[in-house]
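Look for subunit A in each of the two complexes below; its partner is subunit B in the first and subunit C in the second.
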Partner chain A sequence: MFSAPIADLITGLFSFVFTIMIFSYVIGDNPFFRVAIHVFVGLAAGFVTLVVFEQIFINKLIAPMLTGNWTQLAFLAIPLIMGFLLLSKVRYQKPGRWVVAFLVGVGAAAAIAGALGGTLLPQVWASINLFDFSENQSANFVDKLVEGIIILTGTVFTLAYFQFGVRENATKPGKSSVLMRAITSIAEFFIAITFGALFAGVLSAALTALVERTHSIINFFNSLFFQ
Partner chain B sequence: MAGLGSSPTNSSQFEAENAPDWLNATSGEEPAFDLASLAEAKVESQPEHFEPELELSPATEASRQESSPIASQTGNDDSILSMDMPDWLAGFTSNDLAPAKNQTGSVGDNPDDIAPASLPSWVQAMRPVEAVVSGVGLGDDEQFVEKEGPLAGFRAVIPALDGGATTHKSKIYPIKLISDDIQQSQAALLDALLKSEGVAKKISSKSKPAANRISRWVVAAVLFLAVFIPSLLGTQQLAIPNESTSDLRDFRQTIFELNADAPVLLVIDYQPALAGEMEAALSPVLDDLMLKGARLTFISTSPTGSLMIARMMEWMLPIHSYQQGEQYIDLGYLPGDAAGIQVFANNPEQTKRHDGMDGYFWNSPPLAQIQQLSDFAALVIVTDNPDVGRIWIEQASPRLAGKPILAVISAQAEPMLRPYYDSGQITGIVTGLSGGAIYEQNQTEQSQNRLKLARTYWDTYGLSLVAIELLIIGGSSWSLVKGIIARRKEKKVEEA
Partner chain C sequence: MKRISSAAYAIIAISTGTLVLLGYFLPQVAPFQMILLDWAVILSGFAVFVGVGNLFSVHYTKIRTRSKGYLYSFATLISMLTILLLGFVGALGFSVFTEVENVLLNGIMIPVEISLMAVLAVTLVYSSIRLLRDRVNVKSIVFILTVLFILLGAASSPWINALPFLGNFRLIISQVFATGGARGILIGVALGALMTGLRIFFGADRPYGGK
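On to the complex of A and B.
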């Protein structure tokens, strides 16, 4: 339809215009920003619909129906019926309930099983093995020891920070012990460092996005006027 | 009145004839206390205008006589009273009554001379009604004379309350609380609190102070200038660290150890918003993989993943002679989140079997000899989302049979995913722009003419990061100074 340079020009122009429209939010909410956001949301929704139609309906339903044998067709009926029941939830609540229950059950089971085997146990095991130097004799013992102590302290104290239960008796009702308060104070230090690291990460990612956009605008003008 | 006066006489005559022997034996004796005559005397002392009130209907009179035959038997009164007589009646004889008779004879002449009847204490105690109706005060004409029983002849022992008696209001006791000033003020405070609960408060729209807007513009202007000027100049003056971190070193080592045409699965799970950072980190990795001739298979759990893959390959294809379906393939969108990944990890061929209406995926060269996940030489997770990275590690690692998992991640995901490297679940990590830049810096001579996206952004990134740091330091200092000044002002006001 368009030659490559024209297509690049149009693409670059759209990219430039919409980037400026989004940047205009710096001066406050304005119609340009809102138009850009609405266009983006609509475009994203349309694209997702197309992807789902192609990747799910065609690839996983229609194509197997056309090419599969009777057994495969019978198995395809199950997700088809469940899909229709789920769709009926838009108007009628009851028929789709057990499909939602199935989705929630399967999703939760997969997530919990994965978390247990892939995160909880390996992470706990790694924390326990911090002081196992048998496999790493050549490494600097002191460095490893200090690192292990810091990581272990941070892990245990941060977990203890989220222990909100208190011991209650007649003289001191509902108060944490002195030891727990001390642990909580140390844990706050570790948590503050974690928040700082998270903030720095988010800031760095956003700044890189800004840098990439600025380079994109400059490249557009370069290609328009200097090449 | 005649009726009342004559009835005892008549009845005594009648009963004398019909009385049993034991009564007749007592009838000849002189009664110790003639109640009938006493009653007669009392009745005579009553004013004449009281008569209508005491007149009884014939039926009532008959019933009264019938119900109390003893009352009409004057001759028996003495014998009855002598049997169970209270102290105050003991020794009360007819002789004692004689002067009373004389007195009653003179009552009619001068009623004021009548001495008030002195009731014994036990009779007074039987008059609780008097306490209630004490205020009513019955006149002499309203007093009722008892005509029967041991109280026969007594007046106003039980006040006549035949419906005409008026009741009075019960006393009103004061309900004022005795409380001191503190209690009063606390009660007023509680009352105000309770009243304020029911009153809807107006939510005042928070007006942004002009200083905030100006500071926002200043920050934005500084940031844009810090980004725009180095980008415009295209400087590449800031140095990139030569020394790799251990995670990056391990990553590169794993890539170099791959065979020439090793099949590699790449999970592209990042949003378009962070494409700049992710492409800068991913491009040198792809560059190395393509240099080695690895067969690349892409998949994504994000619907926009395919777009990102296409965009990335647009950058890479002019440099490397790769063709879709020959050296690389995009399996597309993988739905189902954790469950979908688990199914794919268990049986990749069954999960992503069809490529639209075109046919079967797994005959293509990039997927040749791939039956299960462990057939891939390595799994590379490219994501800006720590949760997505975590789910892939959790679900895929048990099915990889020791094959390495590598991660190309955004800087914002690093704090959450680094523990997986420390625990050995991930073999190596390239983090954000800095990781990409260091990776590029350490690439071999063979790849010197490659994309170098991270190097292009490096100066701008570095200078703008310095600008942000200065802004944060400047803002914090300004806030500190402002706080100190405000505190001093407050102190001065307090001292004044």
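On to the complex of A and C.
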């Protein structure tokens, strides 16, 4: 229906208008920004529905049911029934509750496995390997040792910072010990540096996006009036 | 009766969780784990439908009752229904619908996402200025100095790169001090996730209902 230049023009126009509407937030919350956000939420929800419908319902449920044998059909009928029970949660709470229990169980197992295998063990191994000098040259042994001690101190103190428990008895209220307060002060220094580094990374990415959008606005005007 | 059903929900959650967890360690259980994970993926799809249905219902109610800001809800519903219609009709083979869908994707969705990220740059700079204005202490100064050093080190300016100490200092900050702190935070988050999962496994937390 559309020729390529017309489609590009409409896309560019939409892109320009919505970019300006979002940028208007810099001067404060306003109706243009809200309209843009609400349109975006609607489109995103619709788009997610389409992707889920194609990737999950068609590819994982309907197509295997139409092409598979009886065993596959029986195996896929179970999640189908569970899915309809889950949908019934919108109006009735009870029938879908055991499906939620199933999802929570699977999610908890995936969370435990992910936390253990994806973060906890690799990070602990990386902390241990800081002091593995077998492959390092003796010249930078001291450098590596100091580096390892600083990283390990940062790791342990940062972990200790999030320990908020204190001992309390009837005579005196709970108060953290002098040692804990010293650890907390050093940990705050490490946490400030870590968040600073993360902040700088996010700011760099956001600045890149700002440059890209500004460039796109200039390009749109160029292509409209000067080409 | 309520206690029995509550116990039944807990048994379902714990038994499915145990099977899935065992699948990671015992190859004999892995096929069952795969089946359960497949079912969970399909059910997550249904859960997305429940979520989108709820979004639709909330905005529809706002329009019906003429609540404050119902015109924005109208924008949400119109855009949602438009892309759904285009998607489903486009899947039947009408290419024009796919073209319009592409225009909406490339003309609205992607630019809005990038623009929100761009606005974040302004918000972050503003919040840094407010931090220095409202809460001047050692921690906030260390935070701002770290940001400045890392941003200066990342800049590709010839006179900044000529400064001999900057590159090394940036590396020490980002690869030694920040690594230590980040590792502590990551281990803390992982321990938190582990504890949450274990509490569900032991039936101490029952987010699916019941006591």
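In the analysis below, the second predicted complex is superposed on the first by the 217 of 227 C-alpha atoms of A that agree within 3 Å, B and C clash if a C-alpha of one lies under 4 Å from a C-alpha of the other, contacts with A are read in each partner's own complex, and residues count from 1 in each chain.
Convention: a contact is a pair of C-beta atoms (placed from the backbone, for glycine too) under 8 Å apart; a residue touches a chain by one contact, two chains touch by 3 or more.
The shown structure was predicted, so the numbers you read here are calculated from the model rather than taken from an experiment.
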*More residues of subunit A in touch with subunit C or with subunit B?*
C
*asked:* For A:27, using the defined touch cut-off, is the partner it touches subunit B, subunit C, both, or neither? Pick first, second, both or neither.
replied: first
*Is A:191 contacted by the first partner subunit B, the second partner subunit C, both or neither?*
second
*So, does A:11 touch the first partner subunit B, the second partner subunit C, both, or neither?*
second
*Is A:128 contacted by the first partner subunit B, the second partner subunit C, both or neither?*
neither
*Who does A:157 touch here: subunit B (first), subunit C (second), both, or neither?*
second
*Given the touch rule stated above, what does A:86 touch, subunit B (first), subunit C (second), both, or neither?*
second
_Which partner chains sit in contact with A:39 here, subunit B, subunit C, both or neither? Use first/second/both/neither._
second
*Should A:77 be classified as contacting the first partner (subunit B), the second (subunit C), both, or neither?*
neither
*Is A:213 touching the first partner subunit B, the second partner subunit C, both, or neither of them?*
both
*Pick out the shared contact residues on subunit A: the ones touching subunit B in one complex and subunit C in the other.*
26, 44, 47-48, 52, 54, 56, 60, 106-107, 110-111, 114-115, 117-119, 123, 126, 151, 194, 197-198, 200-205, 207, 209-210, 212-214
_Residue numbers of subunit B touching subunit A in their complex, please._
213, 216-217, 220, 223-224, 227-228, 231-232, 273-277, 279-280, 303-304, 306-307, 332-333, 335, 337-339, 342, 352-357, 384, 390-391, 393-395, 397-398, 410-415, 419-420, 422-425, 432-434, 456-457, 460-461, 464-465, 468
*Touching subunit A in the complex: which residues of subunit C?*
5, 8-10, 12-21, 24, 35-50, 52-55, 57, 69, 72-73, 75-84, 87-88, 91, 95-96, 99, 102-122, 124-125, 128, 138-140, 142-147, 150-151, 154, 173-174, 176-191, 193-194, 196-198, 200-201, 207-209
_In the complex, subunit A residues that touch subunit C_ = 1-2, 7, 10-15, 18-19, 22-23, 25-26, 34-50, 52-54, 56-57, 60-61, 75-76, 78-80, 82-84, 86-87, 89-90, 93, 97-120, 123-124, 126-127, 147, 150-159, 161-162, 187-207, 209-210, 212-214, 216
*In the complex formed with subunit B, which residues of subunit A make contact?*
26-28, 44, 47-48, 51-52, 54-56, 58-60, 62-64, 66-67, 106-107, 110-111, 114-115, 117-119, 122-123, 125-126, 151, 194, 197-198, 200-205, 207-215, 218
